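Okay, here's the structure, questions in a sec.
Letters A, B, C and D name the chains as they come in the text, with residue numbers starting at 1 for each one.
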């Protein structure tokens, strides 16, 4: 809170203090970096995070400019709510849906760069032209408190606009629900019914195979292996399958298996040579487990 | 009395309407109805004639004003009739000969399934012709003028399933149309000059008008007359017009319609009198046609075409006489009337012959017919004598008067004209004798036709012979009657005026010369055709003969001069219209299409490229604002 | 330092956002870039309000936020629909505006 | 304000259109009768207009006027009124439409073996409704005395016409249905684009006019009456340049509609591809709006400019006359031939208008009426013939006169009217035009007479090739005119004869209007250079 007051005092003055300039010169590059990140990151999630960062920094700038309310709103509403909304959607759409930065439209990239440069230079030139050195701070404007000041304006001069935006928000909310709401044509089947018609048309009557259920792997995105070592698509969650986010690990798994058998074989060979110690049990048990496991697996599949 | 004038026209018009719209139920009695109505108007004509005779010379002009036709500001055209001696003469000729030919057609067209329509057309013709001669202004005359053109078109092409008939009909109408241009321009000139085109005011005030205008009007009228009366250079249609039924040839293309040109010239006498140049042209045209027609008549083997040539040349006489001015007008009309008689008679005779010969028209396939059809022979013979100007028959009087008038023109002109006309007389005698000999004398030369039918020449029924007899009487007696102390000329005098030029040669001399050349002509013909039998297949003949058989190459000329270039012109224009005028438009359309095709590439549907243009726009806007501020 | 720098920063961020919109194909990222642009605008507004010494700029910025929130809600909903229908969130795949 | 007769006249067909369109798909015959009924009602109203119109001396120029303010800010008013010319044109339109409906009785029925596509598919209703709609718009544009009002209907006409041309082809199913459809849509689009282009230019001129009036009168107006008053009071005077530009703007649109060479090429396509009644509708009714508007607007609003443009226009119209006739000669397609003949005739009309003589103007007006009826007669009979044989090519016919004499007869009469034979309506008008032109421009008059011969040529050649000669194979069983068809053609022919023998009623109505128009362009008829001594000129008593 005291930080706010200090910033406020800074803002009240008619020329920025060195503190603010320091702050600016530290934060501005980060903001720009965040912007760049937003634009350039391949994965949407990273872009979102970069954007969030930029927004927070902007919030700080708001505060520095004496817009306390906005600063807070920026953090709470924008960074807090809107960006989270983005992240949710990203989750729905697929976290790792990274779009290749390879350009498909001919000359689009060049045009974009050109325009960016042009626009930037023009804006900056414009500002440079308009720049008038001194400025009146928000001293008396914020005298009765920034929030009160905003409120008084908002509910007197801008009340109509305020109401209208309220209506707009409502409409937006309704619209969003309308858009994303999916009409159910038929009743959701109960578990019982599902099992019944699973039996009826004899499709995997037992529960689906568990994913990654074999030696040293148990991630949900890893398919279980069939006896011949090929992965079983069924064992992975449909959503992951749809997004193509199955981790294809069975090859090295197979390699490990052969290596394991290799080792056991050699181990047995030594055992025959030496012919001592009951370690064999454990080994045999392990191997037995493994085979038992596979058999069970294969059994499930075949059944 | 005046009210009867309208009825003159109305009677046949009614007939035409009833017969043409009446439908099949009239088929049985239609022809009699038509004939009756024609006769009616003849009776009316006679009544009016005697009424006129009853009046004093001065007021032998009746007027009937029915209603105002086209009233627009200064332009006042009325449906109004004027009956004076000149039109009376024509009315009598038209209705008289007309009625006779109606009667004749009853027999001639007996076996034609479309006889009702034929009579309808005939009545239509009568109505139009009467309108022509009774009109009291040039516009109404023009209406009748085109009306007879239509009637002749319909009648020439009456057997429409014969392509040649259809073509001939079309040709006749088109050539007449060319002439009609003349008439319409003449009327327009009159309107712009006099502000009216009624006979009365125009003719009365012709004198005090500039000669140039009058010459123009006169020449235009002459052009019209050439078209209608088949005078050089618009004569080419008459020969082909013989495709029509023979009564038609007799009525329209011999007796009445083709003489309308002469009527026009005589009627407009006042104008021509004041425009000597125009008169000269009239004379020239007449003279040329006179000889031209005679030559053609000498060469044709088709009896009707030969007669058509003769018609042409006879009308040439009339035209020439009309060109002579007051000294010729009366005799032009007189010859017109007598010619109406004997030429109609000749055609009807020819028709009767064809009737008996399975419609064979080639004279070389006739011969010796006098035994088979005596009445035809006698009537035809009398008409023949009349036309060649056998002394004291009608042709003798009228033609001699004209020749005399020609000499009376005076000076070298007079001599030239006179001698030309004498030459014409000789030729007339020659070709008429040729026809006579080939048809009625010598041995029979006919063979079975394509279907193997041996023609059985026989006399025609009474309905056909009676008119022939009447006409024969007319052609014998008319001239004499007319010439009794110039009764005819005096009768016409109030309209046409009458003058006697001073002829270097006396009346008797002219008659003598005419008779002499007539004898020569007859002799020559007899030597060639009378003594030895004529070959059935025409000999090749000299170049002149061959040219004459082809109407002296007139059609070839027209073809080369107008038809072919015209065809190419139209073809070219069609091409131009399609490729050029339309091409420009279509090209424009195609250009726009291509352009838009290019432009729509911009709309590639990628939101991001739209965004690019959006930001581009924003950038441009900012730049502009900045520049604005900078400036 | 002069507060103009805030404006320069805003301009820079705005341009970055613009480039992002033009370059990225993932609809969500495009959206984020738009948000970036909005934020840049907000920063400028706040700076202005400070320069002029009244709160209207902040009010405007406030409204921008509200509208942006609404827009995000609807936009993301649309994106989800899109993803459901065609299993991709790439803006280039939805190129049906072509005639 | 008395009973709005003109509005009613225009409204009757409009309501008829709605009523016809509303008839359910199955009740095709009912729709036809509805359309016919309403068109007859329109005739009754038009007759009322005719009777109520006062031709006496000292009668107002525009009568039966109605006036309501419409768009006050732009001085647009709903002003109707007719002068004699307008009355004649409205009469023509009203009289023709019933016959067109009768002639097109079965043209829009679904073809044999064509199954109705659903409940809403009802071409017949559409066909007749569109025709009535066109009639309403045409009548409105004849009656409008407010330029903007006129412009609206002048343009709106195109919409129903477009559908009539593009939507309803000939029954001349010469196998290639697809090709025909392509041709048809090409023709329709061409028609639309040409006329839209004209309309665009005209719109510019209309706006220009408004600006001009706005500058000088303080408040812009489109009302003819207001402009005339202002001119008379000397408050409104266009600069020479302005007036000429405005004139050109209007004239261009009307010249396309008329159509005048070289803007004519849309007409043959449109008339060739559309059914006979629609073709008649185009050339006999819709195109007349163009020539009518030349008389009322070009001459009425811009007299000096009209006089300035006269030589050029006369040359164009002469070219149209000869060119159209020659191309008619060159056609293989019956309907295109008639179309080119119409172009030639429109040349005559424009010639008469710009001859600036009372004969010329009366002649032109009469010509519009007569040409409408004559073309209707000829084209409709041609349509009957085509519908029998299923081909538009002249070469496919021959000897029809033997198998269908009545058809041939009516065709011939129509043709004779087209070549303006005395005794039939067109002769009077054509001769008036010629005289009117000749009395001011001798050479032009003489050149125009060439058109007479060419007309005879193309008509008679057409008749000879189709009707005479031996019967072409395939035509032996050609049926003659049916009762309905005869009932359509016979009255038209009767009308032609009546107008040819006794055109006085029409001229009486037209003449006063013509006098007004002449005084607009402040011209007087050239006087004869010989004053006739009415000596024994007892020609009328």
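The working rule: a residue touches a chain if its C-beta (ideal position, glycine included) is under 8 Å from a C-beta of that chain, and two chains touch if they have at least 3 such contacts.
The model shown is predicted, which means the values in this text are computed figures rather than measured ones.
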Chain closest to the middle, measuring from C-alpha centroids that were averaged per chain: D
Rounded Å distance between subunit C and subunit D, as computed from the means of their C-alpha atoms: 63
Averaged-CA centre spacing for the pair subunit D and subunit B, given as whole angstrom: 36
Subunit A-subunit C separation of Cα centroids, rounded to whole Å: 19
Centroid distance [mean C-alpha coordinates] between subunit B and subunit A, Å: 107
Two or more partner chains touched - positions in subunit A: 105, 108, 111-112, 115, 119, 123
Junction residues of subunit C - those touching two or more other chains: 18, 22, 25, 92
Multi-chain contact residues (two or more partners), subunit B: 604, 606, 608, 612, 615
In contact (per the touch rule at the top): chain pairs: A-B, A-C, B-C, B-D
Subunit B to subunit D touching residues, read off their complex: 20, 63, 65, 67-75, 78-80, 82, 136-137, 139, 142-147, 150, 153, 157, 160-163, 165-167, 170, 173-174, 177-178, 180-181, 184-185, 187-189, 191-196, 198-202, 204-205, 208-209, 566, 569-571, 573-574, 577, 581-582, 585, 589
Subunit A-facing residues of subunit B, complex: 604, 606, 608-609, 612, 615-616, 618-619, 622-623, 625-626, 629-630
Of all residues in subunit C, those that touch subunit A in their complex: 1-9, 11-20, 22-26, 28-29, 31-33, 35-36, 39, 42-43, 46-47, 49-56, 58-59, 61-63, 65-74, 76-81, 83-84, 87, 89-90, 92
Interfacial residue positions of subunit A with respect to subunit B in the complex: 105, 108, 111-112, 115, 118-119, 122-123, 125-126, 129
Residue numbers on subunit D that touch subunit B, as the complex places them: 190, 193-194, 262, 264-265, 323, 326-327, 329-331, 358-359, 362-363, 399, 401-402, 409, 416, 421-423, 427-428, 431-432, 434-435, 438-439, 442, 445-446, 449-450, 452-453, 456-457, 460-461, 464, 467-471, 501-504, 507-508, 511, 514-515, 525-541
